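First chain A sits with chain B, and in the next complex the same chain sits with chain C.
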Partner chain A sequence: MNEAILTVLFYSFAAFSVLLALAVVTSRRILRAAVYLMGVLVSSAALFLMLGAEFLAGVQILVYVGGIVVLLVFAVMLTRSVELLEDRPSMIRKLTGFLAAGSFFAVSVAVLSMTQFPVLRDGARPDSNVAAIGRKLLDYGPEGYVLPFEVISLLLLSAVIGGIVIARKTAVSRATGDVEIMTEIQ
Partner chain B sequence: MLDTLVGNAPGVFHWLVLSTAMFSIGIYGLLTRRNAVGILMSIELLLNSASLNFIIFNRFVTPVSVDGEVMSIFIIAVAAAEVVVGMAIFVALYKSRKTVDVTQMNLMRN
Partner chain C sequence: MNTWEVTTLAERSAEALSSSFWGAAGYLGLAMLGMAGFVAVLGMVLIYAERKVAGHFQCRLGPMRVGWHGTLQTVADTVKLLLKEDIVPYQADKMLHILAPLLMFIGTILVLLVLPFSPIVQVADVNIGVVYITAVSGFSVLGILLGGWSSNNKWSLIGAMRAGAQIISYEVSATLALLVVVLFSGSLQLSEIVRSQAEGWWIWRAHGVGIVAFLIFFIASTAEINRTPFDMPEGESELTAGFHTEYSGLRFAFFFLAEFINMFLVAALTSTLFLGGWMPFHIGGFENFNALMDLIPAGLWFTGKTAFLVFVLMWFRWSFPRLRVDQLMRLEWKILLPIGLVNLFVAAVVVLYGLYFFPVR
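After this line comes the complex of A and B, so read on.
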């Protein structure tokens, strides 16, 4: 019974996310694409939950849906992409994209269907997913991830500082003639 | 009805086909979009399917450890950093050029 529910959920969420992902890449209104992207990310969180990664599902909602999509909507608004309808991509562009994506999909599926994925390390799954991830992140043994964790924190810090510097520099340099931008910044 | 559902429970292949499909859709968007923010959205699709892939392998190949999930956390962090920098660049570009159409961006050409 449990299996049956899982199957139904898998196929419905899979269809949902593929359809929404198609809408993201084909929608001509960029703000709608952002909303569809939010749907894709939420259904991905549901898929993570089905795979037993409940911490990841929470992080996905918090960071992707709460942070990244909001930031993308801001980017759409600030670059005034809302008003303009994107041109339909030319036939040659569509064809190139379709060929690249289609051939990647075909080759990957062919290889995946021929490959066996043996279970390398079997055993009981950790009781608490969150606790296991926390221990893994702060473990400085041979199987730990404390160094990448620190590198990622540095990357985030430099990205934030870089973002501020890039966005601010142009505002200051154009401030002399453009009052509107100055008031926007303040 | 119930038996067919139980018999068709998704295995590792079905999950991987799903994430491959989402990755291909992302590639299509990357190659056809002209608006830079749209391209950023396609990149989000790519990164999302990559982290889904990591979790799938974690679940089906090494269920005893959580290495794949840790990798997914790193992917999410990188995606967040990338969007911050990307958005800052687009806003700066929009201020100086009044467009975010990638086909008209040739600052480095001459």
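After this line comes the complex of A and C, so read on.
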């Protein structure tokens, strides 16, 4: 009974995400494409959920839907209006697009079919993996992830500082003619 | 001493699934029906309360004509709203125009799903509760942005942009304040967070850290749901009605209802995280006093705290003037965020050394 329901759910989510992913690349309205993208991300979060990775599913929605898609929509809103449509792609662009997508598909299918995935037996999976993830992230032993975690934090920090530097207003000082950075953003 | 067993509808449904599929489906249907009824009635009650509170703050009576003390006024208004013509502006992106209010409403309903009303009234108790809430509230932002953009109207667009910028900014502070509670209780699960407050609520157990986190969370959440004094996204004196200028009839009702339910959600979440949720007022060690407090049912504690915070939100509305956009951004990035960061750090120290009152671990 459980098995059947899970199978039905899995295939519907999978079909849903494939269809929406196709819609993302074929839609000519860029904001609709963003909404379809949100659908793809939500259904992949649902797939994570079915694998028992609740935390990953939550973070997927938090980061991708709440962060990336919102920023995407925000950026599109600054540039376009409702009536504008994307140009129809030229033949060369279409061909190269199909070629790139097809070869990526071939490579990923080949890699996936060659990899052996260790399957967890029923019951081997911990009930709540949030605490386990937290411990792994703070573990500096051979199995821990504290170094990548800190490196990513540094990367994000530098990206934030870079963003501030770019967004800062610069003014030309009258006395020296040097470009000096205003400390206060008015 | 009470053990506070938590039973959720999802658990019961999972139990029923082992015997029959239809039992589980019945539970889920019941949950959906219950939610729909709850949302509709809550929306009407909140709108009535808002109008009455507003009236009395301004030395008026508020609605008085329809029903006893105007109690049927919102029912009449709702019926009127449902019968209105539904207009989609010419050259609007019709699909997104229709989708946007639904997205906003979905964001609201999904948060309602994990809210612990009482130990026995909760739909699902997911173990990533806090992450889940922050995650699904992203749908509301998208709803507002898409609604404003797809209307093909300048007021809507500006309102949506303001709303987006405001919500994204204030989400940072709200999350920082949330993390303080996660640190204190050591769990992301909402029922676990409530149960960790059995010896006392987090707002007063941690030497001021809890109070600061409470204030930051409450202010930032008020901004996130676009309520006065943070209601620039729909500032009617400058933007007609902001992102929902072009909405009418049922779809406007969705936006309107989501806004009021969001107000309830902010109050309910704040009371769950900082004021103990359904946990009665306890002082660690005072067994007799605690037993006396346990006589009041848990659901009533939750309702009382939430109703009080809803009243405070309405009180805000009639006490503070609207902020300007630059003041709003300065408040977030230069005042709330630094305080929130320092507060989180202090909270970590407090938790590390077990400095809070009545440590349990």
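Here, the second predicted complex is superposed on the first by the 146 of 186 C-alpha atoms of A that agree within 3 Å, B and C clash if a C-alpha of one lies under 4 Å from a C-alpha of the other, contacts with A are read in each partner's own complex, and residues count from 1 in each chain.
Rule of thumb we're sticking to: contacts are C-beta pairs under 8 Å (C-beta built on N, C-alpha and C of every residue); 3 or more make two chains touch, one makes a residue touch a chain.
Owing to the predicted nature of the structure, the values given are computational and were not obtained by experimental measurement.
In the superposition on chain A, A:A159 makes contact with chain B only, while chain C stays out of contact range.
Contact with chain B, but none with chain C, is seen for A:L41 once the two complexes are overlaid on the shared chain.
Look at A:F55: by the touch rule set out above, it reaches both chain B and chain C. When the two complexes are overlaid on their common chain A, residue A:K136 makes contact with chain B while staying clear of chain C. Once the two complexes are overlaid on the shared chain, A:G67 sits against chain B and chain C alike. Look at A:R29: by the touch rule set out above, it reaches chain C but stays clear of chain B. Contact with chain B, but none with chain C, is seen for A:G102 once the two complexes are overlaid on the shared chain. Here chain B and chain C are compared by how many residues of chain A each touches, and B touches more. On chain A, the surface touched by chain B in one complex and the surface touched by chain C in the other have residues 1, 55, 59, 67, 74, 76, 78, 81 in common.
Here chain C touches chain A in the complex through residues 17-18, 21, 91-93, 95-96, 99, 126-128, 131-132, 134-139, 141-142, 145-146, 148-150, 152, 157, 160-161, 164-165, 168, 171, 188, going by the rule given at the top.
Across the interface of their complex, chain B is touched by residues 1, 3-4, 6-8, 10-11, 14, 17-18, 21-22, 24-25, 30, 33-34, 37, 40-41, 44, 47-48, 51-53, 55-56, 59-60, 63-64, 67-68, 71-72, 74-76, 78-81, 86-87, 89, 93-94, 96-98, 100-102, 104-105, 108-109, 112-113, 117-126, 129, 132-133, 136-137, 143, 145, 148, 152, 155-156, 159-160, 162-164, 166-167, 169-171, 174, 181 of chain A. If you check the complex, the residues on chain B that touch chain A are 2, 5-6, 8-10, 12-18, 20-38, 40-42, 44-45, 48, 51-52, 55-67, 69-70, 72-74, 76-92, 94-96, 100. Of all the residues in chain A, the ones that touch chain C in their complex are 1-2, 5, 29, 31-32, 35, 38, 54-55, 58-59, 61-62, 65-67, 69-70, 73-74, 76-78, 81-83, 128, 130.
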